[in-house]
Amino acid sequence: MAKLERRDFLKLVGAGSVGVGAGFMLAQSIKHPLEHLIPYPIPPEEFSPGVATWYNSVCSMCPAGCGISVRTREGRPKIIQGNPSHPVSQGRLCGLGQSGVHVLYNPDRLTTPLLRTGDRGAGAFVPTTWDEGLAKIAERLRTLRENDRGNRICFLSEGVRGHLAMVFERFMEQLGSQRLWHFDFAHPRTLYEANQRLFGEQHLPYYDLKNARYLLSFGADFLGHWLSPVHHSLGLAHSRQGRPGVRGKFVQIEPRMSLSGAAADEWIAARPGTEGLLALGLAHRIVSAGHYRGPDRDGWADKLSRYPAERVARETGVDADTIARLADSFAQTQPSLAIGGGAAGNHTNGVDILIAVNVLNYLAGNLGGAGGLVFNPPPAVDSPRRHASYRTMLDLAAEARAGQIEVLIVNKTNPVFALPAAAEFKEALARIPLIVSLSSFMDETTALADLVLPSHTYLESWGDDFPEPGVGFPVGAISQPVVSPLYDTRATGDIILGLSQRVGLGTALPWANMEECLKQGWREIHQRGSQNGDAESFETFWTSVLQAGVWGQDAHRAAPAVNIEPRVIDGIDVEAPRFSAASEEYSFILHPYLSTGLHDGRGANLPWMQELPDPLTSVVYGSWVELNPVTAQQLGVSEGDVVDVQSAHGRISAPVYIYPAIRPDVVAMPIGQGHDEYGRYAQRRGVNPIQILAPEMEPSTGALAWSATRVKLVPTGRRVKLVKTDGASRQLGRNIVRTIKAVSS
Amino acid sequence: MKRDDERGMHEKWREYRRPGYYEELDYAWTMTIDLDRCTGCEACVTACKAENNLPIVGEKAFAQGREIQWMRIERYWEGEYPNARLRFIPMLCQHCEAAPCETVCPVTATYHNQDGLNAQIYNRCIGTRSCAVYCPYEVRYFNYNNHHWDPPLDQQLNPDVTVREKGVMEKCTFCIQRIRQAKDLAKDDGRRRVRDGEVQPACVQACPAEALVFGDRKDPASRVSASMNDPRAYRVLDELNTRPSVIYLKKVTTDAG
Amino acid sequence: MGVSIVPALRALKPAALTVATGLAGVLVGFWANAAFFPGTSPRQPIEFSHKIHATDNAIPCLYCHTQARRSTVAGVPSVRKCVDCHNIVAKDRPQIRKVMSYWANQQPIPWIKVHDLPDFVYFPHKRHVQAGVACQTCHGKVETMHRVKRVAPLKMGWCLDCHKAHAVEHGLDCWTCHK
Amino acid sequence: MPAEVASLRYADVNRDVVRSLVETGPKYYITLACALGLTLVCFLFPWFYQLNLGIAAAGMNHPQVWGTYEASFIFWIGLSHSGTLLSCVLHITHSSWRKAMYRSAEAMTLFSLMVAVTMVMVHLGRPWFIHWAFPYPNQMELWPNFRSPLLFDVTAIATYLTGSSVFIYMGSIPDFAAVRDRTTGWRHHLYTLLSLGWRGTDTEWHRLGWAYTLLAVLIIPLAVSVHSIVSWDWASSIVPALHQTIFAPYFVVGAIYSGTAGIVTVMFLLRKYMSFERYITELHFDNLGKLLLALSLIWTYINVLELFTGWYSGASTELEALKYKLFGYYAPLYWEMILCCAIAPLLLISKRFRTSFVPMLVLSIAINIGMYTERFLIVGTSLSRKYLPDAWGLYVPSLVELSILVGSVALFSTLFLLFVKIFPSVSIYEVKETLPEAAELPKPATAERGGVQWQPVQ
């Protein structure tokens, strides 16, 4: 071998060392990163690592009150499912309910009490402590109470039931204030009124969809969000396919096809606001065709003679044959059931409409029996009737403006978002010296607060719920914490109880925390039960209720003999609906509807709900305006064209979606988007149609008639790409969704 | 019979190709979807996202058509106003017995297992995306990028399911983690087989209309067997001979009345 | 002109030699890293000796790793479990003092994982323990180790070998172990 | 025989070819730098960006999971077709006009295959695991899926790549030897190694002749099978408009078509910029033109047939896919393709057109643009119109994709530019065979059997 020269040798050494280094680093770079194995300092008793633990609780995402089962792993909730033992949800759950985990883990949750520093609404807050925060408000409350000015305190809460509602009630009572209101945008106030007037019932009846054979729904999107969608879905499915040889038929009457309309066997687009007229037209046919044979038949015949088919057909836009056909089937297919709500209840004649719908149930004999309206016994813990109507909110705003309100406590309700701009509620809030919000999120109302005392989410706190409407027998469920609090927040009940201690309300609210309060409340329920010979101890009872996640009594109420007095019959009438503004200029009726995922806007900060394609349009992450294809053609717009929707009270713009199942004189918009605040997923996305609603009210209840706004559409010439998941919307004869004709019975 | 690993490749291939091979599965997991019950509420879609760590992709990805929905609802309009009708059909991996996707994957990242499931092995996938091309049901979703969960949303992630990385195909697994767990529990109890109803994929569990039924069609007493024998049963795109394990029950329409 | 490739080879030799040395270096470096820094026996925050516990004091594995029979994970004992004994036993040893300081602060001990499987692997301890697989089959003779060292490669082929040898039911199905 | 060829002497050939290797002007370096720079900026950087981010960098979506990468893959595979295949066919049919152009045509095959393989890497979601597609014993005890047309692809392309490399190398050995003998310094060493000790003895020529012909015969079916197999990636799916039995011949014809057009382009450039005017002549363009015309007619026929079968099926799936292709979002591209690949080539009927260089260049480029469009339409429209209308979508390539498309051309150019400085881009010995001088030499005894008629003058 040739002699190695020095230079070559150095080269080799160099190359070799570079190679070794590179090889070493290569090996290092493909190594697994170091992972840790973190033990618990003290082993938890409730769960063991690697094994899922289930907790039963109650869903608080909407007022339906479904029972839920939460699967947790290593102490962290992973998924929420329905509680199979709970009669409302029966192991099932809607998308919004399942998104509860996103409320818990929302990155935009408020983590600590906040004190406003800058101007109101400027969004400048500094963290503070609970002691400081509570002391600040407690002092104000004490001063007001001691000076007999307690009524200057106002408490505005989301709709709550059970013992929490009771705590609120006593708290405000002790402070000496009557200004305690529950505010939910979608609260079916007119429905309560209609039931009260016709049947004298305080509580909503149970709609037994499950056993009905013919269902007539006037505007109620009972599968989407109306009252108890999960329970209704179960009921409808059972009525169709749960009984051998019998398939319930279902007709939906509404101006824009909702989720329920899509499920219906027949969808009829009556003119908006004339649903009551249509119902009375059907009633007329039922009576005149002799389907109704009650003793007060003549009274009805006389009363209903004002609603002959021709008139009804002319005014509703539903032809006379259809009216006769529907009426005959409704009366003859027993049991049948008529329900009304949603948009039909949100007209200026909403109560009339819903009464007219109930008249149908009366005439067809659907009261009290299976497959009809079942009257609920009073719940074990009755909730106060505290739901604020639009008129109440206007009054509140007026009082605030007049300086009569000094402290406003807001609990997880968002009136700034959910009231029309015409109410000028936001401006009124500016006149209130101290606004305290108990919200878990920085929503539009909380952004105006002076002090934010963030409360737990429902998955972290104690509570209970007695669903309304019930399921025909007394049901209750306890909501228990399924996870230890993630942040420095407190349960709403605990905040109020803590406040009452600081203010010195003493004996009326003796509990240290909500858990104690609940236990005492449920002790009473247990004692009532024990009188019936149920002799288990309270602790056993309590544990069993927690474990089962539900408590019920087999106490069906005997069907009351409903006899409607002639006076009431005489009073039945439907006024013509009133719409804001002139039809010449504002040629469309705006039909805002609650979005399936976002509900009234509360779901807008949940990423899953933002990413849930709207069931009917498949649009995600935004707002849109639904137009009939004919309307769109007349306006010269197509999908994605941005139009200005102008009412006499404001205007918003959103892209057009061509919707094949909407009346040409109606434009529909989903509610839920258009948040200015409320976290990263909700902010600056879409528009809020509530803002442009006209302040029309149903006169007897003061409920906002939110289907009574007229609008005009002005194409802006802009175009955006509507973000949706659907490609083409027709089957093109490919037989993907196959149908089979039912053999008519 | 010889053990699995003792048999040669040819022997195995011959067996796979024998008609009726799939009838001799351990289980034959099957789902029926009653279109007459389905209301299109999308509770199943959310349940699937929650159970299977589906990513939150964001608006931009949606606009680009890169959403991931193992379970999705398809909607088809029929007729025009006022007789317009909307038909929903939940679409998920059909777990075909003759799955086109299984033949095309060059690395066998997707294959048919002994439970009649069309398995997708994420860590084997190299991302050719050919399975998605071959799938006539378009239920295979590709991870175009790594996904991010804004903390603490990541705490919701199901530890029983892998979080998929970029470049990997994914799809409905019939909630294999739940099947696996049910089998584990059966073994803990000393049972040989899983009982009917013991396994409920997240979508089936959630469905408020009880439109979805899941079970083993080899068990003649199972709910799903009863459901399959409904005269309304059909398979979507039956003409392609993919022999899906998801069976739909026809939507019932009625005469006016 | 000659056609022999020898002169050409000779001319190219120095360059080829350098490249070859470099490549050989890469192999050596790779091997050296894998052989001398395998990372299979990381230094733990507390020098816990399995030998003292499991052999000298004959504490069974499942006494501390209580979950192994019931759960997918074997379970690393809580700090309290350590303290329960060490309140009395060997209180004054420096390592025990460390444990007690963790306990006093209610801090977890940040153990470093020695047996770490990728996230896409479903490995239920309970299936294996219930099937009578000894802990030592995968973890080696931990009871003789002062510092735990991973002895098994924990690679897929290694798992499969055992599954095959024991004819595990569906032991070769991907979905048995991958999630 | 054209006059310019007739005037050539052996010495001219030697000098010209060696000059093309040795004398390198600044223009070459500038071009190479541009090509290299473009490869870097348009291919490598975007690719690294995509590796880092994921396929999100491209415009693909659900259901359109394949895009331009896949189209480019077929395009480059297609382009690779003519070179070696044509060279082999012409070799065994003793078409002497092949001899001046086959080397660069084969190089085109080789490099477009390489680019095609790179496109596969770019296309994959996790290219760092591509080795799993190869059958080799491994600790996971897993094999690839032999039923997969994609695996057939891997096999076919790997074989074709190997075959083409060996073929081009083998054919170059005598030339390497010739260059070796005329160069000094490092080049001399390099070519000494490359020529593997070639002396030019009778035995060597004899063996080379045999091996070369044998390989040529083997490569022809291989080349045909490669593109048939590539077409099976599509045809064995059940996607409407892709699930067609005609696809294999369709792809093969398309491939040869675009490859031939590619050869024309390359010929033009070599002729013009490497001063091979005397070797690459009107004759070549004329013959290639005739071939192109024939191919374009076959191609058009198959396209019409595709429309017919789609329409005749009467199935909504086929009709909609066809409708989308013809009148949908990408309709302009479809008609552009028809113009470039079916109508414009009709000009080739005229001999004057065939023998004019610039028009031929323009046409050849147009044909390849059209053929790229064809591949893009196959990938980019069919997947958007599959069975479930609800899942229909639209695919628009992203900037990264377009950049990588440009970059892949740059990559090809870079490789080719490097090639012309290492390989004699015109075959010295085979060109010499066609010269008048060849006739003057005594024929070696082996000529009868080996089909090699000429032996280089040392």
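Annotations
The chains carry the letters A, B, C and D, assigned in the order they are written, with residues numbered from 1 in each.
Assume contacts are C-beta pairs under 8 Å (C-beta built on N, C-alpha and C of every residue); 3 or more make two chains touch, one makes a residue touch a chain.
This is a predicted model, so every value here is computed, not measured.
Chain nearest the geometric middle of the protein is B, using mean C-alpha positions. The chain with its CA mean position farthest from that of chain B is D. Mean C-alpha positions place chain C and chain D at a centre distance of 51 Å. One inter-chain figure worth recording: chain A and chain D are separated by 64 Å, centre to centre, where each centre is the mean of the chain's CA atoms. Rounded to a whole number, the gap between the C-alpha centres of chain B and chain C is 36 angstrom. Within chain B, the positions touching two or more other chains are listed as 65, 67, 74-76, 111, 124, 237.
For chain D, residues that reach two or more other chains under the stated contact definition are 387-391, 393.
Residues of chain A found to touch two or more other chains are 726, 729-731, 734, 736.
Taken as a contact graph, the chains are fully connected, with every chain touching every other chain.
Residues 138-141, 177, 180-181, 186, 188-190, 192-193, 195-199 of chain D are the ones that touch chain C when the two sit in their complex. Against chain C, in their complex, chain A makes its touches with residues 8, 11-12, 15-28, 31-32, 34-43, 48-51.
Contacts from chain B toward chain D in the complex involve residues 9, 61, 64-67, 74-76, 91, 100, 103-108, 111, 124-130, 132-134, 136-138, 140-146, 166-169, 237, 240. Those residues of chain D lying in contact with chain A across their complex are 316-317, 320, 387-393. Contacts from chain B toward chain C in the complex involve residues 3-5, 26, 111, 113-115, 117, 119, 121-124, 160-163, 173, 176-177, 180, 184, 187-188.
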